[in-house]
Amino acid sequence: MKKFISIIIVSILLSACGRFGNKEADGKKDQRIVCLSKHLTEMVFALGKGHDLVAVDLSSTYPDSAKLLKTVGYHRALSPEAIISMEPDLVIHSNDIGPENVLPQITKAGLNIKAFGGANTIDSAKLLLAELGKFFGIEKNADSIIQNMEAGIAKAQDTMQAMNIHDSLRVMIIHFGLRNNNYFVMSGRNGVGDKMLRLAGAKPALYDGKGAREMSAEAVALANPDVIVATDFGYDRMGSMDKFISAVPGIALTNAGKNKRIVRFEEHDLIYFGPRTGENIIKLVHLLYPNNNAKAQ
Amino acid sequence: MLRHNKFFFPALIALLVIVLLWGIAFGSVHIRLQDMFSGLKHAFNGQDPANIHEAVFIQLRLPRVILCGITGAILAVSGVLMQGLFRNPIVEPGLIGTSAGAGLGASVVFVLAPGFSPAVKEWAGTLLTPILAFIGAMASTIIVYSIARNAKRISIMSLLLVGIAMNAVCLSGINFLAYTARDSQARSITFWNMGNFSGASWLQVVVVGIAAAVVFIISFNYSKQLNTLLLGEEEATYLGVDPNKLKRNILLLNTIMVSVATAFVGVIAFMGLIVPHMLRLMIGSDNKRLLPASMLLGSALLICADTFGRLVLAPAEVSVGIITSLIGAPIFIILLKRFNLLQHKGGYNA
Amino acid sequence: MLKTENISFSIDKKQILKNVSASFQPGEFNMVLGPNGSGKSSFLKIFSGEINKFDGSVFYDDKRIKEIKKEELAKKRAVMSQQPELSFPLLVEEVVMMGRYPHFSFSPNKKDIAVCNEVIDKMNLSSFKERNYLTLSGGEKQRVQFARVLSQIWEQPETGYRYLFLDEPLNSLDISYQHEFLQEAATLAKHNTVLIAIMHDINLAAQYADKLFFLKEGELVKYGTPYDVLTPDLIKHVFNVNAAIINNPVTGKPLVIYN
């Protein structure tokens, strides 16, 4: 049974992202970089070093040009040879690659590997950008990005003020996990999603799934969110809001389901902080509170 | 008849060598012949690999392909042994719950090892996973065996059904552990559970290789006795064999080697079905020939499956367990049909 | 000779055999008869060594069976049981060769191969030699099993006897083969062999046996030559059926006629 599920996963991977067949882009590179972390990929592109990337992991989906790169697989299911076959001068990751044997194996094989931190808070994202800038010797780029990021966040805060939000909505983020092939509730764990919601003037709906992998329809109904944010893949899988409400367990019983408040949001805009955080917050606010008049734009 | 053909074994050996070279040379990184030679030279001289290709060859590719071959041999030989023991051609470690039990044991290590006492971990070292895998495999095999053997004629259906039940129990156990595990551990389990050689290391090659060598040598010596078991336990007794002792010994050896292999590479099913079935069609059921032939063909086939899995979606890899299931499941169904059709005539017809 | 002394045997509190004492001489065709459930098969399994938890003793010549090593016993004692279970494809010659297993350790030598060929010839199986056992008819399979059993004890041991036990050997044979079989076995018995067969058909038994042994409900009720023991009272007592005994005009042996 498990084997057949795995086959389905493989086919989904194949069809959803036929990136295994991508060709390497031509062009001069300063160094060949393989990046195994989605937020690092975005930051490398933002810093202007995107042309040095030769391959990324499967979850690196921003910017769009990242999707055109060759991929070495899902970051939790890598094979050392795949990485080595890219002939990288540098491999960067954020300490969440698996299985455990891969890192020691590529280290032993003599690859140049550098680990960077995560981007789970605004501050850590800024620090990370600075670190990357220093590492690549492009502090100037890094500084300007950080400034833009801060400006964007400030603008978001202004927008929030202007919108005069009184009753913050209870919001739940629902994500489709490829690993387990099911929907699960991403909010309520105090992660980046929750922080983004708060920054957008909403409250993460109180969901007590007790750390479970799968959604409990009852817990969802109990939490009763006013709005549900569905990440891109999960939303597109259903195809339409109505389908989503009827097919995903528990949704129909919630305020969000009854009032047809399911909004689609790109996963990569919601799970780490980075250069576009400001714009992402504004996007989220408008989606959550479409009726509140915003004076600032 | 092929069984008397003196070129049969040389042909099998040649096949294995060709497949071995193919598997070593091809993959997401292509290893050229000269890299192989220089890599080996440096390794034997105790030097570090000179370039990345040699490093991949010596550290990643070679141990992987060798481990794959040994595992294929183990699974195929295990199929032959179990079929002789249970006296029917549709048993193998995957279907009977041996592999799943080993998987459960190993999953316990993955998830609960942080909770074990340091003394235990110190003492067991790398062998902690295989030891627990062995316990799991032994437990499930014994349970299936005792339940199924109470009939005078071991009915295939009851055996398969109990095996299915045991598989279900073990897999739910594994799923439960994955469920309660912290993230990274859980991912270890699902990933590993599909059969995976990418973590192969020389240490694993040595451990699994030794287990395999010991078990093979002992089982090959039992060929004659295993043959008599085909006639029935009573007949075997009349021919001077102690069937209970033989069964206990073979079961034990078999479980050891399957659990050691499964501990490191995960659950791979159907090899013990495909290989003996193909060979019986060609050379019959005499264990003196069937056991060594299964060793060779099992090696070659699994290396093929793994190499194919590495090439078809390169640079990503398709788990070898998926490939063996894709090929093995239809063969299993064909075997079932054959056996059912022949129930009236009372036997398995090659 | 083979001697059993006070054999008692039970399974799950049910007594199968009660104090069975008998001796079987070499050179004679001994046959054990009795209704279903009389303990015939268990008796055979006990004196052939398959069952070893029983009360009483079994002697092969003067040695207790428990003191004889299994491998040694297998070189001089062969048993053809009722339902051989082979369900894997094996060539006829491979099955016959299994009879020689007690005699070699890894590979058969020239003698083993010669014995097999002789036996295969004798049983008219030469044209079947390379056939798949599973494709044979019931009767043909029986002959192959007998060939195997014969090859096991083909050579006469230097000292002592060889022992051949047959458990209802005629079950799937054609009538012509039944007689051929019994004649073959009888000839074998003459050469230093203790031959014991469990039979169902009293008349065939009467025709070929030198000694008959009757079991009823686990007890040995009568034994002796067919002339001595076959009486209507005995038949009634053991088989609960009315019968008359006359002299078979063709064979000169007793003939049982049922009412």
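Labels A, B and C are assigned to the chains in the order they are written; within every chain, residues are numbered from 1.
The working rule: a contact is a pair of C-beta atoms (placed from the backbone, for glycine too) under 8 Å apart; a residue touches a chain by one contact, two chains touch by 3 or more.
Since the model is a prediction, treat every value here as computed from it, not as a measurement.
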| item | value |
| --- | --- |
| Common touching chains of chain B and chain A | none |
| Identifier of the chain whose CA centre is least distant from the whole-structure CA centre | B |
| Chain located farthest away, centre of chain C as origin (C-alpha) | A |
| Rounded Å distance between chain A and chain B, as computed from the means of their C-alpha atoms | 40 |
| Chain centre separation in whole Å, for chain C relative to chain B (CA means) | 43 |
| Cα-centroid distance, chain A relative to chain C, in whole angstrom | 80 |
| Residues on chain A engaged by chain B in the complex (per definition of touch) | 1-3, 6-7, 10, 14, 20, 55, 70-73, 76-77, 79-87, 96, 98-102, 105, 108-111, 179, 212-213 |
| Residues on chain B engaged by chain C in the complex (per definition of touch) | 1, 3, 83, 87-89, 153, 224, 227-228, 230-232, 234-235, 237-242, 280, 284-286, 345-350 |
| Of chain C, residues touching chain B in the complex | 45, 48-50, 70-71, 73-75, 77-79, 81, 84-91, 94-95, 98-99, 101-102, 106, 130, 132, 134-135, 152 |
| Chain B residues touching chain A - in the complex, by the definition given at the top | 27-29, 49, 52, 55-56, 59-61, 171, 179, 184, 186-188, 190-194, 196, 198-199, 201, 269, 310, 313-319, 321-322, 325-326 |
